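Heads up: the structure comes next, in structure tokens.
Per-chain residue numbering starts at 1, and chain names A, B, C and D are given in the order in which the chains are listed.
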Amino acid sequence: MTGGGDAPGLNAVIRAVVMTAQNCYGWQVVGIRQGYDGLLTPETPVVSLDPAHVQPLLTRGGTILGAVNRGNPFMHAVKYADGTVQYVDMAQNAVERLEALDINALIVAGGDGTMAIAQRLIALGARIVGVPKTIDNDLAQTDVSFGFDTAILTATEALDKLQTTAESHHRVMVMEVMGRNSGWIALKTGVAGGADVILIPEIPFDVERVCLHLMEMRTPERNHALVVVAEGAAVVGGQQQYYIKASGLMDARLGGIGYSLGNSIAERTGFDVRVLRLGHLQRGGSPTPHDRWLATRFGAAAVHLAARQQWGQMVALQGNDIVSAPMAEAVKIKRVDPSGEMVQMARDLGISFGDA
Amino acid sequence: MTGGGDAPGLNAVIRAVVMTAQNCYGWQVVGIRQGYDGLLTPETPVVSLDPAHVQPLLTRGGTILGAVNRGNPFMHAVKYADGTVQYVDMAQNAVERLEALDINALIVAGGDGTMAIAQRLIALGARIVGVPKTIDNDLAQTDVSFGFDTAILTATEALDKLQTTAESHHRVMVMEVMGRNSGWIALKTGVAGGADVILIPEIPFDVERVCLHLMEMRTPERNHALVVVAEGAAVVGGQQQYYIKASGLMDARLGGIGYSLGNSIAERTGFDVRVLRLGHLQRGGSPTPHDRWLATRFGAAAVHLAARQQWGQMVALQGNDIVSAPMAEAVKIKRVDPSGEMVQMARDLGISFGDA
Amino acid sequence: MTGGGDAPGLNAVIRAVVMTAQNCYGWQVVGIRQGYDGLLTPETPVVSLDPAHVQPLLTRGGTILGAVNRGNPFMHAVKYADGTVQYVDMAQNAVERLEALDINALIVAGGDGTMAIAQRLIALGARIVGVPKTIDNDLAQTDVSFGFDTAILTATEALDKLQTTAESHHRVMVMEVMGRNSGWIALKTGVAGGADVILIPEIPFDVERVCLHLMEMRTPERNHALVVVAEGAAVVGGQQQYYIKASGLMDARLGGIGYSLGNSIAERTGFDVRVLRLGHLQRGGSPTPHDRWLATRFGAAAVHLAARQQWGQMVALQGNDIVSAPMAEAVKIKRVDPSGEMVQMARDLGISFGDA
Amino acid sequence: MTGGGDAPGLNAVIRAVVMTAQNCYGWQVVGIRQGYDGLLTPETPVVSLDPAHVQPLLTRGGTILGAVNRGNPFMHAVKYADGTVQYVDMAQNAVERLEALDINALIVAGGDGTMAIAQRLIALGARIVGVPKTIDNDLAQTDVSFGFDTAILTATEALDKLQTTAESHHRVMVMEVMGRNSGWIALKTGVAGGADVILIPEIPFDVERVCLHLMEMRTPERNHALVVVAEGAAVVGGQQQYYIKASGLMDARLGGIGYSLGNSIAERTGFDVRVLRLGHLQRGGSPTPHDRWLATRFGAAAVHLAARQQWGQMVALQGNDIVSAPMAEAVKIKRVDPSGEMVQMARDLGISFGDA
């Protein structure tokens, strides 16, 4: 089962699970469609998966099992004939459905929300192991997960493209990337793409300081600039949401912080500013070799976890090693350390975080 | 000199001009920076260009000569000490500057605006030949120009990425591409990327029909959809601008028709909709081989045009041949034929243009 | 049916045929597997193709129908129990098989060989229209076919990669590309990738002159070089095969002219030389947007040709238009014009063809 | 100074060194060209490097300082007028040259050979810190170095392209990748690209077993195969060199093990086999975001090492951390563990290593 937003590599996990389960244990594998919701629909939710079927999945983005952002058997949305919706605890039904389907072990690939639900189902008797999925790289128990590398590649290629047109037109280009709670994508993309300013949730910024930096750095040799901003970047002494509303320019749901920031810079500096909001490009496409490799290792390791009946454990990467960790730990968020080596290195290169 | 917005391949034109001019005629080449404005600045506007210097430019996006969107010697913006700006006809000064710099022939790469100004300067005695530049593919005298192929590649790769996530989440993805007056990028990208709906300026659309199509086409096998909309797409019986304001959602300058359209679809159909506005990604990056090839042929041919003193002519591609055409003709716009083979082919595939 | 070597875009042709046939005419479409051989096997050779099935084919390289390089019903290889093979004329059987399968029109995508056989089958009563396929761009009746653009992109990206390492190590890099009878891939790739030497079948070369050029062009600013050689490049006053054997280095079937040429250059000049033979990389991968677009137009147009019962005709691109042309003409080879604008343009840039 | 073969990311190291040195310490930075040889040439070997100059280097492959594969001041090749060459110990001259050039700290990016020489120069009084460079990923002290990820991306994209044509033609595709002493590139590429057979130096293979596996795995659903072989793959009970000569097909220097293996498979199985030797493609091109990120961290950290006068130390990656390690340790080779998790995971997927 795959849960939550999609990430490049989910299909590679599915493929590795099927091939390993069959080759090592002779198990038959089925896929549950539409996340936890699939367990609660009257129709049969499973699709049979065999090696020949999954072989071509390695290079394919997305997930053939479908992904549902907010499925939760403890608060299952039931629609009545009169159009009203009620949220009902159907967790016990979900566990019974697993039994009825003769599923001896459930491998769930998902983020913190998916893992939290899995744990509660385990308490009700379900046999589940996990594969961590986070495109933002913000799960505490694994050094990195699949999807992150692909997102970085997409974002950096975009920044490379903005660079050439910024240079020709002496523009400030603002690129908004994913990262509601953590700035990993913004930080790595910004350094890899030669950004001048990187704004992340972990380091509140002051738009005045951003503008000051942009004006001070402008020279005849480099009279353009690149700004990378995480969607969840926060302003000094305030809230992200406050900042956006204060600028009075647009609804955050529609435009995001990138447009709002771009307008502020244009107003304050007079520079020619353009904005790109990368959005769902970052979740799409064929996974990079690194993500295929990691997703495959995770998928294979999850099968062995299940064979050892390590319910409640999930696979993880620590250093070069595949290890297992309690799902309970997965809900902890891993954030960029504002005083760590990575941020310091970026500062040493002359990159501003808008805070000084 | 390069004028107007940048396009991948401008640097390849510069390179081909320098190498051909030196190899075939022994000419010395200089580059004028910042478009027509460069001719009117007190400092020397030229940069010496030699083959060794330009050799690595083939693969580089943008233009090393800089591009200025609205330079016009007939209405040159002069800033006074008190901050006021006045527009002055300094065309004669520009022509004299060319003489003073001992420039015997000027090769200008630009779009319809740049070509129109060039013609008026020729009337004042300037010796100019042209290289057509249009990323939108909307110049009447050339089958295609450099930059278009790169824009199509970028846009189609983006659509490919949106496809995988649309499929996993059963979403409608709306992608807004360039094309204020013509739908070439939207049409070619839409067909190449497997879009379900393509909206272009040449075929006014009705948002109700778009939604109807999206609802009718949804099947268990394909319960997602891709919509490609040109920034200048027009609504039936109205104006593009009217449509956007009527939806009451956002300022068109900020968000563009894509967001506005996406909201309308979400409201009317209840589908899960996401929007991507490709924006400047389409102008950036290393040119495709095809654009390098075409830009190189154009640059070389422009030198030969200048050697034959064909002032007022520009190079063009017709079929497989490099020809020359009067700059005066370049201002005519080439639009998609709503009843031509290309649109009909797209309809035959089941693609909707929102008009029926 | 697809015949001959594969080319990126074949699957897009299949997809367009199925969708257009169903949308415009309500036809049912089947695919014949393994080219002409499929018509002569005892088992049923056809696979049912419906729109939902072919929808994802747009981006996929290769052909789902399989390709057979040397299938020919007029000389069908029959294997006997004792291991001997005899070639038998089974063309009539092939035509009868089409009838038996209730196939009213056959659309064949293939090169000159496939077209020639199709014509002879038409003389026996078969109803066939064609889609030209040539990755080498050497069919006379169409300006270009799908696959060529993808091959050029792959080859140019490879040359870009060789360029960086050539530059760092002051090396001569030799890259061998496809093109037995024509130099289109070598010429376009060489110009687009900034090659110093381009060797093609149409312009016999002298290895001494190649070396002379490499030595003369070497300067402190550019002390490396890129050589692109078509697999069918010919030497002055001799045969390609002769040249390779004379060098005494390796079997041409294994190594190709690239290795042989590279060794000759190293021996004669003392330069550090490296060789890359691109080989089948050029036929693989997802088609470029341009190839998907062209393949789709071809597929749709072929259906309309069949609807009009234009047996013996094939679709073609002339300028911007899709036209039809007699298959008989497809066997004519289109070669690079040694004295045309394209070669002259390359010479003007300083590129050597090894002939002067 | 950069030494040895080039690797994508070397220019990013140079850029990070210059920017960090200036921003953090106000140091002036010069580059030594042509590796150690640059220190022993009569002309001045250094080029001044300032931030504006190096800013665009981030995305560029190769090294602007040039790379020399076999420079060694302890055995410096001196050419005499009569053409003879003698190898002379000029290490002391090299150290003195550093003094004469007023170089207070030398940062050397290179592999095991470069590090070993650096250590001996330190013993003579030179002040050197190191940045590990290995595209093969075979240096013991660092988890990975820049260049490896780019090589994997290039190799996997190539395998993806071979896959589509293999599938269409039911072929066995053999791809030879780098790796003389270690199979990291082959292993990671093979798993990421869906190979059926992976042959590496650490696990001697038997060509009979390879063929057996290829014959057994062939089914109507997957009647093609992908084989990835490291250039240094060894045969059971023998030497790599022996194996190649025994096949009697070609000189290993020219063709490599890939061609030889491909011929053996074709002869023994009768399958249609094609071979691609990736060669220098793997060292070229713009570094991936990951390699730019790592190279930048290494470059910045090396400057801090020099500031702390940690002569004889090199930077390294361990887990997520940048650490320092003695150069002396860098000469140890890191090889794939034949009984480790990675190989076992590949076996579990059904991949054969030709040994069983």
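The rule we apply is simple: a contact is a pair of C-beta atoms (placed from the backbone, for glycine too) under 8 Å apart; a residue touches a chain by one contact, two chains touch by 3 or more.
Note that this is a predicted model, so its numbers are computed, not measured.
Enquirer: What chains touch chain C and also chain D?
Expert: The common neighbours do not exist; no chain touches both.
Enquirer: What is the distance in Å between the mean C-alpha positions of chain A and chain D?
Expert: Between these chains, centre-to-centre, one finds 32 Å.
Enquirer: Using mean CA coordinates as chain centres, what's the gap between chain B and chain D in Å?
Expert: That gives a centre separation of 41 Å.
Enquirer: Which positions in chain B touch two or more other chains at once?
Expert: Touching at least two other chains: 160.
Enquirer: Take each protein chain as a node, join two nodes whenever their chains touch, and name the resulting shape: line, ring, star, complete or other.
Expert: Per interface graph, the chains form a ring.
Enquirer: Every pair of chains that touch: which are they?
Expert: Between chains, contact exists in these pairs: A-B, A-D, B-C, C-D.
Enquirer: Where on chain B is chain C touching in the complex?
Expert: 16, 19-20, 23-24, 51-52, 55, 58-59, 143, 149, 152-153, 155-156, 160, 188-189, 191-194, 219, 221-222, 288-290, 292-293, 296-297, 300-301, 318-322, 341-342, 345, 348-350
Enquirer: Sort out for me which residues of chain B touch chain A in the complex.
Expert: Result: residues 5-6, 8, 10, 60-63, 66-69, 154, 157-158, 160-165, 167-170, 173, 249-251, 254-255, 259, 263, 274-277, 279-281, 283-286 of chain B touch chain A.
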